[in-house]
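In structure tokens below, several structures.
The following pair of complexes shares a single chain, chain A, combined with chain B in the former and chain C in the latter.
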Partner chain A sequence: MTMTPTAPVKTAALSIEDLEVAYTVRGIPRAVLRGVSFSVAPGEAYGLVGESGCGKSTTAYAALRYLPRNGTITAGRVLVAGEDVTNMTTTELQHFRATEASMVYQDPQSAMNPSVRIGRQVVEAFTLLGQPKKQAEESALQALRKVRIASPESVMERYPFQLSGGMQQRVVIAMALACNPKLLVLDEPTTGLDATVEAEVLDLVRTLRTESDAAILMIAHNLGIIRGMCDRVGVMYAGKVVEEGPCEQVFDSPQHPYTVGLLKSLPRHGIRKSQGALATIPGILPLIGTDLPTCVYVDRCPLADELCHTVIPPVVAVGDDGLRFTRCHHPDRIPEIIDDAPYVDIEMLAPLEGREGVLELSHVSKTFRQKGSGIPALVDVELSLGEGETLGIVGESGSGKSTLAKTMLGIESADDGGDLSLHGHPLPPATSKRSSEDKRSMQMIFQNPDSALNRSWSVRRILLRSVRKLTGITGDAANDRVEKLAAHLRLTPRHLDLKPRQLSGGLKQRVAIARAFAGDPRIVVCDEPTSALDVSVQAAILNLLADLQAENKTSYVFITHDMGVVRYLADRIAVLYLGRIQEIGLTDDVFIGPHHPYTEALLSAVPSVDGETKVRIRLDGEIPSPANPPSGCVFHPRCPRVIPGVCEVTEPALVEVSPNHSMRCHIPIEELRRLQSSGISPHAEAAPLEPEPLQE
Partner chain B sequence: MNEPTIVPTPVPLTPAASTPPASITVSERKQARRENWKLIARRPGFVIGSVILFVWIVCAIGGDRITPNDPLHAGLVANNLKPGTTYNGVKLWLGSDTSGRDILSRIMAGARDVLSVAPPAAVLGVLGGTVFGLLMGYYRGILDQILSRIIEALLSLPTLLIGLLAVTVFGKSNTVVIIVVAVLFTPIVARTVRAAVLAESDLDYVTSARLRGESSGFIMFREILPNVSGPIIVELTVRIGYAVFTVATLSFLGAGPPPPSPDWGAQVSESYHIMSAGIWWPTIFPAIAIASLVIAVNLIADAVQSVFEA
Partner chain C sequence: MVRYLIKRLLLAVLTLWILATIVFVMVNLLPGNVGRQILGPFAPPSEVTKFNHAIGTDRPLISQYGHALKNLATLDFGTSYQFNKPVNDLVRPAMFRSGKLAVLALLITVPLGIVAGTIAARRRDKFADRFIVTTGLAASSTPEFVTAAIISWLFTIELRWGHVFADPPAGTSVIGQVRYLIFPAFALVIVYFGYIARMTRAGVIAAMESDYTRTAVMKGLSARKVMMKHVMRNALGPTISVVGVQVGYLFGGILGVELIFNYHGLGSVLQAAIGKHDLPVLQGAVLSIGVIYMLATLAADLLIAWLNPRVLAQVKR
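Let's turn to the complex of A and B:
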């Protein structure tokens, strides 16, 4: 069989051959990888994508033979630069990990020792290679400079917690590169970071690639990152690579039904809920250890037929260059599922005008007290929410998004002097002071359903309690209502008697949504309700939210960092920075522009799976501490379009620049329009990657 | 990737694979629990601990109905007979004590004293600790500060001394010992429960309960408590072991049930002064009984811990 394309090279930096891995769970080995094969050439970047549980991280860990205690390689080989990792002794393995391969993990904070200074940790990476102390210190400084840390001497004196997330990840990357590895494994290296910081770190990795010939194996659930960073991509499903090829080709013309499904479930190309529902992949990923005799995707595949159920699909080469393959019986029928009217119509929502206002916030501020000083988390927020409207709230972490949500709900009490009103009547700041009618009217959907659902309660009990408490209905009527509610959210009666941990992530989030809707709320605050979910599940949840809204005229306050999601679901968007609304307007106005420079930066930090080239503007550093906000416009220290002498002196007011579109910026709207439409990047002349100044 | 292009294996159609996912997870969970219990039951520590505990429970329930001789009958045989001697047709497996009583019978009967005091004391202490831990972890702030300081102060006091003092003041009785041990355990348990509750009350389901207007009591006892039951059960088993130990020590120091009770600690205390004369059996055998019970409970506690904290 020579159909399988391999990288056109002499010795692959990483070559995985028919790798099978099993995890022993409760005494029984359960298959996770079912024959994974691919290779990565020196200097090449290879991405692995797929839903959680598909085996991408296991593959990465197996590449360094760094599996958890209960994991074993049951078949196949891993070769790194020609050396067989699978048969190494412990000593050889130690030497191999110290000199040949490195790994960068998702959370930089847990990758470093919190009680040891940065300097010692980085120096250690070099003394491990046998360098004498003095030389290692010199190498450490150099390594930190290499990852664009401006004053490495002072960073070395610090402890990890004194650095921002982006800086921490730079340090981790510096340590990973210490041995000049032949293979660098990046496991979701930017998942815990804000989009703006993520963009910076990815820029760094991109630059470093040109300086070293390390092969990169990158794991990410964000397809846009893989497209932007990698040369080739492997799409994994249930422990098999089902499709492989160059990124642009795979993402632009997928040849496996699973890849098609993944791509179709993303809200892309600026699609809005009023244009139709998102495509979803029915069913769930098979559990590890499940017997999958033929095609691993057969149970969820829209193209599956008799053949798929009986015969293992062949590896079919795509194109003539030998770079692409798909594991499918019917690659010729792919166009059917790409073109089949992908979007289901959803009832158009009423136009914005003439909608009754539901919630009004005027001059709402929230100051947290800490050690005697006040930390303003929200400053003078003015908002109104119409009936059946979705207000998207975006901003980096620390911008006050969640505080705004909590203040609306009364989990945090707004400062004196601000007013909240619901349907025209004043709303007490604290939940405990609000009437049961007010409580019923405002409910919340949380980010993480595992945390939001009481794990020792059954689904029925969770829903029943909310129905009784919020509506006052008791007895059989309450039971009926729970069953109706569940059916409405496409939960079957059987689900009602399960505990949350027995449900998949998507089902759990459905239960959480059902609970929020138990008392027919007028307003539901959604705090990143899909960020813990896989894209195919996310699509189903977003569809459900859109449906419920169209039906009940519920208003949503939708907090998210995902620009694609907010564009899909929101009618209006508020951009928050340091607790201040910087821009607020209709979704299209905010997205199409002219936008506030901060919005512009947020938008250009989004890695796109479509590979659209955008003028990218970069933010330096991270959001300042709200405890002592910068003078003048709070955004001026990071603003790429700052007007010296103006922006640091006076804070611009939130003014309406066009109907229903307000922003807080000194630059006149026409000037912004000119700058942004002509694609003038403020970084045009500057070096692409400036050393990051150290933040105090 | 040496996979053949087409493998004509006669794999049967798989209608089973189209079973709804939820039912798979249900049976999966049930199976998981069964497998988990199988794993514990296979742990040698758990088996040994259970066997020893079972023997002592049988002794405690049976009392003098199953002892070979009357445990309280002084002068049954001659004093200080060596283990294994037969006196007037009475076989003395473990010898006799200073009052001519059968040590084996006394040890068997003594299981009742310790088992009727230690477990209730531990249960009471864990109950108290749970209530305080919930209050501290849920309300935090001033209440937590004050109670935490009080706990620290209590923990800095020497346990046995306080126990002895209390028994001296309130009189020797099982009830007093149970209450004293429970009070001594409450702060220790409260600290463990508080830590678990602190982590738990940060979870969103607590926020959600507040948003629908639940009372604090409901949130603490109905929402949070079931989720911290793991550490509480572990703490309970560990505390029973300590309670056995503490009760035995108290009675050794004279704060236990009055003579001629066959209490183990009291037996050790009555006879340890003649050990130097070479008469070791009236002291060593009750001491081994105490140790075996403590070890048995701890072995079980370890196994329980491995389930609830895995």
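Let's turn to the complex of A and C:
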């Protein structure tokens, strides 16, 4: 085992030195990491951020030497607690993984063996350390208690699919902490979890950090999470760390144009579409294996000049403490692009009042039948959608957001007794009974453009079919329309002849949007259209949606879990819980408050990149099963502001608390205003998690 | 679980009924006259008519169909037209013989196929993998009567290691019987080895690339433990399904192999019955195969559910 020639006084827990990794694609090694260096001290948390494809995950996996079959470390070293991971033998590597380093992954459900009980999987992590079976079982119980699982005995008996997402991730964390690792790698640990569950998991990791001195390497595309969790952050681009420093400093005063670009493309500080378009980063990340220009970011950088094109930028220290650096020739010119008026004006529609209602829902419910019993997924929904209006729909998974969208579109037929009307005429509940004109006027954009587009068709054929089906236009006229549509969505004629897989995620989503707009719809239902995209691409798509709306007066129903996005795009917001609208109102009213206690909790769970301090409202447990909703107010078992004796008895009605702002809560609005403005946290300590009852 | 079993068994009954109907329709679609087929071309027409009346083939089709269903319900398929013996006395011993051959073949193929498939998956794209996949493909694409003929010629005629007639004389010990059956079984092994190896290989590769295998590796488990405790259990589902189907197929008798090794399994009985329009034997044989087939697939599905409890949770819903 070799020691570094200049061994630091305190050995870094993780030290990555000039790491280069290549993936062999069609026989040619293609560089992914091009000299990554950083180090993490014991007890420190280091975050890596950047767009997908920048190499952050590869770096994390390389740190534990777990690369895909075609990946190889071509240069550099990875030292964990002074030991070089890159030249360990197989046995040494196994020992290293068992005792020194652990990892927590994205998608906890698939990270656990589906056919082995939780108990055996957790126990295994301890028997590996040499503990005899009895002792390992005891340790496993203790490990589950440590991640705040209240009845570990019953959890041990379950299979992974019998636990909720948040509970699964707790179990994975318990396994990762089994060996009391020196290095803990967290790879997007909360992506795909609800904001409320995400906040719980992050709280847990924060607490556990105080109990161990593991170094944490955290990968997340959500800059807010990195800011809330990490001490220092490295911004990666094209396989290099382009800027590094303490989180607050990097996010509050970025020193690299790429960091500036990332931050500017986020909808933050409560910005609304009426205030202008979001900034985007033009161009795309260089492909892996391509020859890099002098400065990796030069092709997309607004500051690039002759110097940037000819000389590799030096590592420039920022400040005197030696904690920050940027790889840029012109850090002094950064203020130009920050102050540079970022927002382009969008022509806005007149305010909401007096606008014609396009879609009206009255007393709409949807009950699913299962084994003879009814599961109410939507209960008595009253909504109206104005022309050119965006209605945001938020709530945790299981709250009925998607069911509401599907019921509007007729994919699910609403129960008898409710009425839907479009432009004043009644709309049959099922799509099959709707006229082609009605179908044309309502379209949908899906979360994942990959599965929404036929992969063996060209973009032209996809759009042509939609134009023909929706408008009845055929022949040359249809071709003309496709080309106009594409141009409108900023797709070039070259894109039209490509297949979806040849397009980037952002371009694919553009095609999906073009498809939805093929028949000049009046209403477009957008189901998390940007949640699979990088922030810079998300900004471009949001701008596009806002432009299209301003031009065509299209109405949007926008389903999302991203509060920043919904605040930017929506005119009004409906908050759903167990299929009931808990609060509905103009975006600013819903965000500024007073809010429904559920909305309050949702908002407080959002990790903010600006590091605003606020009281975190914790929600205990998980959303209950709609099959047997709680008595009274359905939110009462989790409500931090519950009034005992009232809330569990009667369900509050949806009452207008101020013009255009309605809420379903027993607490009077003035009382809510007082409680929420005083910042009184409704509770001190969160109870440990009980596993939810198994569903038969 | 019990509900699932009852549902599956009811479905099996339904399938048997459909099978019986298909056999009935097919037999009645076959050209020719039953009496003429059995009695031969030189029998006088009056005899043929008499015979047909005796066995009931001159009755209306609907009544014949009713009779066939009654046979199915009682599992007594009546008397063979050609041999004048109870069908069950003909079919059961034949099926027992086919079963012995099938079990021997499976005992060799399944472990061999699983081991080879796992090796191929672990040495993916290397020589061992290419060799196993190519050999398996070549072997399973050769018709079994060709392999059987070559094996028979090589081992029983040239090398004289076994018997040309695979039917062991009555009273032969179990070990002795294996000596008779090993070569026809070997012909079947060659055909089915490839399928099993390929299914296993695909399953193991999918499991090895899964996130939970990554978790197991990152825990620091040795490669062997990762395979035994995490990969195999999840990888074998498709293989078990394939074996389940093959059990039914093998019990039905492989005519080509039976003919070459002069083995009187179900294949030969079926062949004779078809040639003579012997509806009772045909029904008895086909439906017995049907029962075995369904039991085998049911056993395979239960085994899969036991290995992977999520499957059971899904069928419950």
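To be clear about the criterion, the second predicted complex is superposed on the first by the 673 of 696 C-alpha atoms of A that agree within 3 Å, B and C clash if a C-alpha of one lies under 4 Å from a C-alpha of the other, contacts with A are read in each partner's own complex, and residues count from 1 in each chain.
In the analysis below, a residue touches a chain if its C-beta (ideal position, glycine included) is under 8 Å from a C-beta of that chain, and two chains touch if they have at least 3 such contacts.
Predicted model only: the values in this text are computed from it and were never measured.
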Touched partner set for A:269, first chain B, second chain C, both or neither: neither
Partner, of chain C and chain B, that touches more residues belonging to chain A: B
Chain B versus chain C as contact partner of A:333, first or second or both or neither: neither
A:133 touches, of chain B and chain C: first, second, both or neither? neither
Which of chain B and chain C A:310 touches, first, second, both or neither: first
Which of chain B and chain C A:490 touches, first, second, both or neither: neither
Chain B versus chain C as contact partner of A:455, first or second or both or neither: first
First, second, both or neither for A:111, with chain B first and chain C second: second
Which of chain B and chain C A:466 touches, first, second, both or neither: first
Parts of chain A lying in touch with chain B, wherever the complex brings them together: 1, 3-4, 17-18, 26-28, 35, 37, 283-284, 287, 293-294, 298-299, 306, 309-312, 314-315, 409, 411, 431-432, 436, 439, 442-444, 446-448, 451-457, 465-466, 469-470, 492, 494-495, 498, 501-504, 507, 515, 519
Contact footprint of chain A on chain B as seen in their complex: 1-9, 11, 13-14, 17-18, 20-26, 28-29, 32, 35-36, 39, 203-205, 207-208, 210-214, 223, 226-227, 229
Chain C residues within the chain A interface of the complex: 124, 210-212, 214-223, 229-230, 233-234, 307-310, 313, 316-317
Parts of chain A lying in touch with chain C, wherever the complex brings them together: 64, 66, 69, 90, 94-99, 102-103, 105, 107, 110-116, 124-125, 128, 159, 161-162, 172, 175, 179, 370, 696
